[in-house]
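Chain IDs A, B, C and D follow the sequence of writing; residue 1 opens each chain.
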Amino acid sequence: MDREKQYSTPIDVRFSDFDLFGHINSAVYFTYLETARIKLFRDVFHELTAKGVYVVVGKAECEYKLPIVLTDTVVVTLWVSRLGDASFDLSYKIHNNAEKTFALAKTTMVCFDTASNKTIAVPEQLKNLV
Amino acid sequence: MDREKQYSTPIDVRFSDFDLFGHINSAVYFTYLETARIKLFRDVFHELTAKGVYVVVGKAECEYKLPIVLTDTVVVTLWVSRLGDASFDLSYKIHNNAEKTFALAKTTMVCFDTASNKTIAVPEQLKNLV
Amino acid sequence: MDREKQYSTPIDVRFSDFDLFGHINSAVYFTYLETARIKLFRDVFHELTAKGVYVVVGKAECEYKLPIVLTDTVVVTLWVSRLGDASFDLSYKIHNNAEKTFALAKTTMVCFDTASNKTIAVPEQLKNLV
Amino acid sequence: MDREKQYSTPIDVRFSDFDLFGHINSAVYFTYLETARIKLFRDVFHELTAKGVYVVVGKAECEYKLPIVLTDTVVVTLWVSRLGDASFDLSYKIHNNAEKTFALAKTTMVCFDTASNKTIAVPEQLKNLV
């Protein structure tokens, strides 16, 4: 674990992210994960998309620890927790940059080639990034 | 007005459309307009998109009359209120199929040709539809 | 499995649910789960909320099988796959009412009492419903 | 006009804000207006909400000038363009901090007292802010 590079990105919480109960809607957490993921991989994602390779979510999971309320600061920290040949895992912690952990999450990412319509091996430029 | 054809579509309100105050978020009303508009024009929009013609919103406005709460039924009724050469207006009423009018709205629609990168005259197939 | 009652609800897919690639955004799947869940539990959720008991998502996971595109019909089928004392699991299948399975998902639901600020046992009225 | 104070806020555009055509969805522009408005009025809004006074949108309009694409920077600049007794107008420019103007917009804001269930005069603390 100690060799893993971690990347943090602040989330600009929107008023419309809150539900009737005054909490961030549970589905919106996955939008926050996406925001952090895309910030990290942005350039490589663009390069790959231009070549017809999509990096898509194969599986996603989130464990909710504490509700996020209007006064909370929100940060997503992510790291590559598994780097396989055909897929890789990103792990995430949604927190307030202090003592509060709002959620722990993981997504399994798969690379998909639109020309062959098949999943492909994780490209080197993605492996090198992290 | 009496010659105008009106089209109504029920809206499947989502839990995440509600805000902290228990009301549908004001921006979401425009998503409801879009939903009703796309249902009406769906086939023509697809045909036009396939030809590289996008029908886009040039202007949108909404007057809010009553908040929409969790127990409300929501319907959008729309009609073409102006049909010009270069654009047309859609008018909308968001209501509960009974005495409540939640909002009145209007969008000016413009047809855009992606090949020439210019706005074009409203296609006949759109004019014929309404 | 064969004794489980299953509940299906059609999803009104919105134009804004689609991403740049023409697929339903992966985070939106969780909104579809929520929509189906709330339709099933609506009355009981309201009753419990009125008593200060929130039924919240403790954990959520989704396995993506096939992208959902503009021409797809979307249905969520859900069932209670585990009914414990302190929590219960809902399992979901997102499909097109025919041969396509878009995703399989699960949420662990926890009951939370706002008065004591603690999780509580799953209320009988919820157990009886399913 | 030259005496008006203007307030600018950068918008953290989300991947899910983009539609099938690669443009920010037209309804999402109103979410950007809301984000900018709430940032400016945040403290006063909280104070008023605590007293049972909601500042709500009575009318909203947006004129779309240019599509927003993935590589664009987005900023909302807003100012009070009318300050009446019973309502006030906010005007907005959505732009890229350079030569591109994506949209011009306006919202009429109304103050609503939840105790009396009536609209009330614009509170002094709001008038003083701008």
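One rule holds in what follows: a contact is a pair of C-beta atoms (placed from the backbone, for glycine too) under 8 Å apart; a residue touches a chain by one contact, two chains touch by 3 or more.
The model shown is predicted, which means the values in this text are computed figures rather than measured ones.
Any chain touching subunit C that also touches subunit D appears here: A, B.
Chain centre most remote from that of subunit C: D (centre = mean of CA atoms). Chain pair with the larger contact count among B-D and A-B is B-D, by C-beta pairs in contact.
If you average the Cα atoms of subunit B and of subunit D, the two centres end up 22 Å apart. Subunit A and subunit D, compared by their mean Cα positions, are separated by 29 Å. Annotation: 34 Å between the Cα-based centres of subunit A and subunit B.
Multi-chain contact residues of subunit C (touching two or more other chains): 15-16, 25, 27-28, 31, 34.
On the subunit A side of its complex with subunit B, the touching residues are 15-16, 18-20, 22, 25, 27-28, 70. Looking at the complex, you find that subunit B touches subunit C at residues 11-12, 14-16, 31, 34-35, 38. Within the complex, the subunit C residues that touch subunit A are 21, 25-28, 30-31, 33-34, 54, 56-64, 67.
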